[in-house]
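Some structures are shown below for you to check.
Across the two complexes that follow, chain A remains constant while its partner is chain B and subsequently chain C.
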Partner chain A sequence: MIGPSGAVFLLLFVAPFAFLFVVSFWRKKMFVLEPDFTLVNYSETLADYGWPLAFTLMIAFAIAVLTTVLAFLFAYAIRFHAGRYANALLFVTLITLFGGYLVKIYAWKTILGTEGILNSALLTLGIVDQPLTVFIYNPGAVVVTLTHFLLPLAVLPVFASLRGVREAGLEAARDLGAGATRVFRDIVVPQCLPGIMAAFTFSFLIAAGDYVTPRYVGGPYTSMIGDFIEGQFSLRFDWPAGAAMSFTILGAGLAIIALVRWALGALRPR
Partner chain B sequence: MARIAWGAYSGIIVLFMLTPLVLVVLFSFTDNALTNFPINAFSLHWYRILDANPEFWKAFENSLKVSLGVTLISTVIGTMAAMVLARWRERLANAALLALAAPVTLPALVIGIALLVFFNKVGVPLSLATVIAGHLVITQPFVILIVYARMVNFDYAAVDSARDLGASPWRAFWTVTFPIVSSTVIGAALIALAISLDDFIITFFTIGGGNTLPTFVWGKVRTYLDPSINAIGTILITLTVGSTAIALWISRYRG
Partner chain C sequence: MTTVSGGGPGGATPLVRLRGLSKKFGDVAAVQPLDLDIFAGDFFALLGPSGCGKTTLLRMVGGFTPPSTGTVEIDGQDVTRLGPEQRPTNMVFQGYGLFPHMTVRQNIGYGLRIAKASDAEIAERVGAIMTLVRIGELAERRPDALSGGQAQRVALARALVMRPRVLLLDEPLAALDLKLRKQMQEELRRIHQSIGGTFVFVTHDQGEAMGLANRIAVMEAGACVQEGGPEEIYLRPKTRFVSSFIGEANMLAGERRGGTVTLRAGIAFTDAGPDGPVVLVVRPEAIRLDGGTAGLGTTGRLDDVVFLGPYVRYRVTLASGEEIAAHSADTGRRAGMAVGAAVQIGWEAADHRVVAGT
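And now, the complex of A and B:
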């Protein structure tokens, strides 16, 4: 009975992924893939796309930290402070989770653009007398758009782990003289570390692999690796190079996630 | 004081999550040539323009074919897998769930290009069928996780009684198990539907030719900001948010 699902997983995920890894060691010769075992695609990735790689990791890290912090505070509010509004807040989070990836990016483009909603509202209200161009086509617009897209995805795992935090434990700590900061750092955070890590991991990897957002709202100075990877498949047809770039960003991303996990683990009370 | 601060923060986050989607819906019902203030007049102008566009209807039809196919297949195979996993030892089941959920944590771009290269290698021509295959990779984990969470707390006593009284496993499933877990299964199916309808990246790499609604939107956004996108966006939001909301409603009130 688990057969069909197992087949989908193995045939449509594991096999293509493994094959892409193999292709990353091949060469492209005159539009034909040639089996080989060379690291040249990886060395070219580092030599030619060093800056986009570094920039992508930095902006994805910033987005993931921002998203995780906002998500944690929101989940915390739902869990401990929202009272009878808790279900409504959770409902808003869930319905925005699957609604319109492209539509959300398009919405931000129309909000932030020079002739967009924000500028027209500022003009109509007489706050500015000509449109501001600082809202769009810069890394900030990418951060806002991707944080908006990732936030519901990050709230859910954090909320799930906060559910396991019992008020009794917090009360006990307070009664024993622990301050708010101490309770938060030594009890709340360690207990929902798995949820925080899940939120960070989702946000970081998805942001690091995105190419649609930087292309729509990022402007010329936002060079993210996903944009170049997509180009290797739709424009240059250099699949081995695109494969090597994909595994480079995945490898670097997983290394950073491992580092963050280690650093957060050090927060555990001794 | 702290109460007000938490309330204000929650309010801001809700506004941040909802405002962009609300604006898309709002402007879809205006006749503005640009998506900005002031609003000229409310009208169905952009919906009429869409209605007159055969490419839109073709994309709509393709979206329905793909997402219904994906929903049907992923719900059946995901439910089957979840029922098996629920009877495994917990540690083994958790390890299997973690592996099966791996595709969801990876960027869709990597899954899309891996499928493109793989289909090309094994000689499968790209079509709506390959899009359906690609979507299964990301919808199946959600179905399995949702149904597993229900099945792991399932009381098998009633099923065992039915079997003792001579019902075949097939009959016991349809008369006992399924009626009990049907709301969860339908909820999982609607989540799969929403994910499939909304997917752009995997579709883009596996479709070959033609459009679904998201790739149709992509073609329009890339060229210029055509306000008819607001109307398509509203249709997509209605379908995805609607199916998610129904899924939640079903599982809350009867789950």
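And now, the complex of A and C:
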């Protein structure tokens, strides 16, 4: 078993990753890659794409926090308050995954656009007499769309870890004098930190690497790094620059995840 | 158990006073309205078969299940509406309910931390309780690295460290194997004696109830059918259910008419009470096989003789077809007993109980 799975791991994950990492130190001359060892790609990334980089990290962080909190609330409700409807609710959550990524983006375009459902409703109700343009083509629309897409992915790991939280432990905590808030903070959350971290990591990395959503609903001022990376590879054939940008956002992203993990560690028992 | 530290039912105010307490789940009455007094120093057993409502009753005392009717008073204070976090009780849960993300020491210290005890006090009290229940060497382990018996001790320590007015234990020994159960039974007695608190525990095991408790409430179908000391319950069961549930008992059917009971087995004696069908209950160790000096008796056929170490068990079939078990500590006598032969059995009238019913 280790042989074949090792081969798959090497071929599909390690090799492309290692190749791109090496390329990020190369140069491009006349659309041809030239082996080298230069840090110029990285310094140019920071100089030319500092803002998209920072903006991407911020918006991805906001999306990941929002998604994880919502996923936790939803999973918590399913685990402790849904009773016999728990499985049905979980099933419905999962089935939205079949909806597809682009379908969800278009759905939100239809809802938030100037001739969209939201504006039609507001016009019909007489609340506004001109369609509002604040709903779409801004970072807020990106946050809404990506959060909606990521939510089912985030619910699963949180629910899995919540399922391991036994009622007897919660009752024991109350018995020892803990009110609802303490039970939640001391017993529930620390036991599902792995699930919370998985949900956050998932949401953060996917949001940070996304370049389709900002293009469709983000508008001109939502400049996310994925969009530029895609351009480096597809339009300018500048693989070294694209690779350097990719590894920069990846490194920065992992640093933020490590920071979040460290911060959540404060909830561990003394 | 003979030492009754604390008041007992004679005059003292009860520590726990239940009045008209009942619980319905939907249409099902888990606990019928009942009154119960538990006194300071009691080691009190709620005994009954599974589904008799004993755990629901315990959970109502602990504040986990709101009662449908009635009140719970602890130490003269009405706590019926208070949650478990506000009651002077602590519970040892059947599944232990240890916090898997905390070490043994953190588990035990959690309640004190909530109560905002100082670090020094927590360390001292946790250390002392770990010594008392003999788990000092497990302090830094996590619950998943504990055996069943160890987890049991940690759960006990975690509740005891809070110095509860009443310690509640839900089937404390049910998950342990026989040997550990005996050991923990000894431990619980030792701990109860050394700290002198009030313990209330739920069990379906009559041996456990007899071995631990100074007072027992026997429950059947949500009702408390008899309450008293182990001796009283064993020797003077009020109903057929109690006599069959506590220890082994021979049951002989009969009828009472005008103060005279006539058994189907052909024995008649005077016994005051209302007319109607009755059951005579007599313990196997009260039956004598020589018949000689016994007050009541009849003959039967000896069907089986089993040597069980401390005593010999005889099975006798009477003319009525009813079977009688007899236990005799005189293990040497069995040599003369031939299976299939007719034997004389008998017992003293003081050793039997006559209860109404069939």
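Here, the second predicted complex is superposed on the first by the 261 of 270 C-alpha atoms of A that agree within 3 Å, B and C clash if a C-alpha of one lies under 4 Å from a C-alpha of the other, contacts with A are read in each partner's own complex, and residues count from 1 in each chain.
Going forward, a residue touches a chain if its C-beta (ideal position, glycine included) is under 8 Å from a C-beta of that chain, and two chains touch if they have at least 3 such contacts.
Please read these numbers as outputs of a predicted model, since none were measured by experiment.
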item: Touched partner set for A:Arg166, first chain B, second chain C, both or neither; value: second
item: Partner chain in contact with A:Met58 - chain B first, chain C second, else both or neither; value: neither
item: Which superposed partner A:Ala255 touches (first chain B, second chain C, both, neither); value: neither
item: First (chain B), second (chain C), both or neither touched by A:Gly179; value: second
item: Which of chain B and chain C A:Gln191 touches, first, second, both or neither; value: second
item: Chain B versus chain C as contact partner of A:Ile229, first or second or both or neither; value: first
item: Superposed model, chain A: greater residue contact from chain B or chain C; value: B
item: First, second, both or neither for A:Gly116, with chain B first and chain C second; value: first
item: Chain B/chain C common contact set on chain A; value: none
item: Chain A contact footprint on chain B (complex, rising order); value: 2-3, 6-7, 9-10, 13-14, 16-18, 20-21, 23-24, 27, 34-38, 76-78, 80-81, 83-85, 99-100, 102-103, 105-111, 113-118, 121, 133-134, 136-137, 140, 144, 191, 194-195, 198-201, 205, 214, 217-218, 221, 225, 229, 233, 236-237, 240-241, 244-245, 248
item: Chain A contact footprint on chain C (complex, rising order); value: 62, 64, 83-85, 89-91, 93-102, 106, 110-111, 113-115, 155, 158-159, 162
item: Residue ranges of chain A touching chain B (in the complex, touch as defined); value: 1-2, 4-6, 8-9, 12-13, 15-17, 19-20, 23, 70, 73-74, 77-78, 81-82, 85, 89, 91-111, 113, 115-117, 119-121, 124, 148, 151-152, 201-202, 205-206, 208-212, 216, 226, 229-230, 233, 239, 242-243, 246, 250
item: For the chain A and chain C complex, residues of the former touching the latter; value: 164, 166, 168-169, 171-179, 182, 186-187, 190-191, 268-270
